[in-house]
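Below are structures written as structure tokens.
The following pair of complexes shares a single chain, subunit A, combined with subunit B in the former and subunit C in the latter.
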Partner chain A sequence: MATVDKSFEAGLHSEQLRGRTQQTFFSATEEENFTYPYNAFEVDRAKKGEFDAQDLETSEINIKIRSLMEEGCGHIVVKNPRAKHSIGVGILNRLTLDFEGSLGYFGCGLIDGPNVNISGRVGWSFGENMMAGTVIIEKNAGSTFGAAIRGGDLVCKGDVGSRTGIDMKGGNIIVGGRTGTLSGFMMQRGRMIVLGDAGANLGDSMYDGTIYIGGKITSLGVDAVPGEMTELEAGWIERKLALYGMKAPNGVKNLQKIVAGKQLWNYDNLEPHEKKIIL
Partner chain B sequence: MCGIAGIIRRGQPGNIGGEMTSMLRSLKHRGPDSTGFAVYGTPGKNQYVMRFKVAEQEDINKGFDIHQQIKDRRAEVNKRLKEHGVEILSEVEATEYAFRYTIRFDGDMHRMADYIEDIEGAEIMSLGEGLELIKDLGDADVVSEQYGLGNFNGSHAIGHTRMATESDVDIRSAHPYWAYPFNDVSVVHNGQLTNYWKWRRKMEQRGHRFMSHCDSELIAVYLADKMNNNIDLEQAMHDSLDELDGVFTYVVATSDRLGMAKDLMAAKPMVLYESDDFVALASEEVAIRSIFPHEIDTFDPYEGEVRVWQL
Partner chain C sequence: MSTKIELVPEDLGTDREKEIGQHIGYRYDVNLVPDYDRLTPFLKKYLEVMDWKDLNWLEDIHLGYEEDRAAVFDRNINGWVTVPEDMELPDNQQDRDMIARELLIKFQMSKRHPMVVLRDNYGKF
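And now, the complex of A and B:
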């Protein structure tokens, strides 16, 4: 498939943005240039390893996950994580990682590639700086969910706290419930889909990227303005939600689209390559 | 950064002292400087519990005279209580400088408390029918053991682990704060108030006393002032979100209620768990899970949210 076709297929190049970064920086061939991360292990998805984290400390849990990866386990199950902090961080492998229970703060930060499933809830700053992969959380999430993520799909089927997707630089955040105040604050790229309500100052100081809200928006922040939904992106959202067994309660076409109003003169007047340096 | 926690046992009273110790132990990393408990036991008939101290922990290491001074100050407290017509039913020496008295009194509580606090070094931590407020330097295990809280039976409790940022590391600046002079009202707080001095001056002009320079004390005094003007606790908490500036989450307890408020920026964490038998809340879920071995569902309150639970 030609690059431009792949790009349209992905629902891009259809934005009604006044900015240019999303079109300029998106490369449909990116996946072809993707190199397997340094320090990753050869794992077999069919090989399963599991352990009980009930009485383990954070570092012991992370070391255990690593040692199972070293043994070639491509499917790891962690039981009873008991909301401990900083679990599942820095995983640069493609593998399936299931947490049976809840995680605390800073869970799954800096991951690049794994498919993570969490049956419980996650605390503040979950998925910070995520690079690639998928994370599916069945219950709620705390604040600063997906801060500064650069890629991948970060999905929470319940409610999330405030400042969701703060400083987001790419990827997709999908929320089944509501999100709190200052969500999308200083967002720079990527997409955020929230099927419920959004708190005050949505998209405040956003540079770029797109936010879709299914419920009521308390207020828009500075620089956030309504955008117009296109058929292509509606289709993309529909497909994306279907991937995770989710549905917009009032239909995808009724999601409110929010984009950057581009009041940031200094940023908007930069050349694309200069913006890339900043981001 | 500080850690705050609260728990209500909706059914039977139980070991809230032990439960709060466990919760605060889990929050130790949020504040190692001091730990405080406000525990609500079963009120005795026509009785009050008075928790007070006559010196700071650090004073003990400052010379030889302090030991005699503590004895003298305590004797003065006893004398003044007697002068005021207070009947002392029991006395417990929790530490060399902190005491628990059970008293019987039907006079002007505010006046009596002022008279006691007029003694050098004396501070009433709490005075109430059910409330007992304990705070000291050290972590949850140290304070809990020192004051015998491991088996304290009661209906509800709040607690705090403190990382001192804007005031001293001493008992005076530790949480919880009693909403002086209201019986059984206590507050713990995580955050910073940016219009502290404006409100402190306003409160002092209205005759309220401050024992520390900790901004958290203002919340207790602020709520006490509102309630003094017949404003309901829940309304007072809503008012605080408009009138107090800064980033904060606080928990307040009375004899029969427990509430939390989160500022409009939602910059300070709080996680809640609610069931038919329990309400538990804490800065981090790990604290709640320390007392519930089974899987539970928790959630975050949102910005500008006030919740109050009845026992």
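And now, the complex of A and C:
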């Protein structure tokens, strides 16, 4: 019963049952706090912890990272991750996390806040559903890189596979090399910057968001159209690339900008002949 | 505070919108990138604490509108959080977005955030 009372207190049963209104209001007198009051540890960036993951299982590695954060370590170094899958996931903390080696599938998914550095390569679906923070990968990444990312900077200095940023809903994906086919597929929001070439069907069925390509585009997908770069955007890209020691090969202003043509918006409401025109 | 007309365009803009009788997309520019000359002191401090050189995930936070009121979408509760009615809002999206970012951080990090109660009740570890 206490549980039910508390959920009422949180306003979970008082929302209007229409739209998404939750009847929640900002207070101008909130106290200043910079970490989540739930599920986040107080860490000191100057306190460093490290361990060798050579003989550890995936869950053991993740538990070890968590226990070091509990001890207040704000800088954690993981040696020999040996491309194990699902490492470094679900971290909702400010933290510097260094992986000395490569990660496998689904690495660093669902993270919200950490600054991650990876000296090697990463496998499929890296950074899936990333919420906030920065991730820098020194070498290449597999397919569906940054799938459904919501926020933060996901940077790969090498090449990435196909379907990069599929279903992305925010954040920035930055690729120093090339990206494969169907990159930006069903993109809804956020920005993707690729300094090299892009494969076929770039931005297919994108709803919103922006893609910038430095090299050649094999072909654009359905409803992806060229856009016009603004001064504000150019300055923003220049600043962003400089943060990660990257540079557009032919200058930022020569990046090709791709946006949604918005012909697919409210697709279900279109007449059959209109659908044919678009597709 | 700015008038409702400025905040929420009531007219249906494009021909397509008029035809189907509903708005398409957002009522503000979701692709607008932030102007870093307009950072508030609170946001500067937040970036320093997080050790970020820019707004990171906050680049995607904009001041939106819910039921004719200025509001910010909080992804952690999947709902709109409404800006106090008496708050004076600037006349441009860049400055409004900065205010939205600041309010959202304050709300998400406050102890009255619904996630705090949820965790108390249902958190597994």
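One rule holds for everything that comes next: the second predicted complex is superposed on the first by the 229 of 279 C-alpha atoms of A that agree within 3 Å, B and C clash if a C-alpha of one lies under 4 Å from a C-alpha of the other, contacts with A are read in each partner's own complex, and residues count from 1 in each chain.
FYI, a residue touches a chain if its C-beta (ideal position, glycine included) is under 8 Å from a C-beta of that chain, and two chains touch if they have at least 3 such contacts.
This is a predicted model, so every value here is computed, not measured.
Novice: Considering only the touch criterion stated at the top, classify A:Asp167 as touching first (subunit B), second (subunit C), both, or neither.
Specialist: neither
Novice: So, does A:Met131 touch the first partner subunit B, the second partner subunit C, both, or neither?
Specialist: Touch status of A:Met131: second partner only.
Novice: Looking at subunit A, which partner touches more of its residues: subunit C or subunit B?
Specialist: Partner with more touched residues of subunit A: C.
Novice: Look at A:Asp204 in the shared chain and tell me whether it touches subunit B only, subunit C only, both, or neither; answer first, second, both or neither.
Specialist: neither
Novice: Check whether A:Gly104 is in contact with subunit B, with subunit C, with both or with neither, and answer first, second, both or neither.
Specialist: In the superposition, A:Gly104 touches subunit B alone.
Novice: Quick one: in the complex, what on subunit A touches subunit C?
Specialist: Interface residues on the subunit A side: 3, 6-7, 9-12, 15, 19-22, 24-28, 30-39, 45, 94, 96, 113, 115, 131-134, 150-153, 170-172, 189-191, 208-210, 232-233, 236, 239-240, 243, 259, 262, 265-266, 269.
Novice: Hey, which residues of subunit C end up touching subunit A in the complex?
Specialist: Within the complex, subunit C touches subunit A at residues 16, 20, 22, 24-26, 30-36, 42, 45-46, 49-54, 56-60, 66-67, 72, 74-75, 77-84, 87, 103, 105-121, 123.
Novice: Could you please specify the touching residues of subunit A with respect to subunit B in the complex?
Specialist: Touch residues, subunit A against subunit B: 82-85, 101-102, 104-105, 120-121, 123-124, 139-140, 142-143, 158-159, 161-163, 178, 180-182, 199-200.
Novice: What residues of subunit B sit close enough to touch subunit A in their complex?
Specialist: 264-267, 269, 271, 284-286, 288-289, 295, 297-300, 302-303
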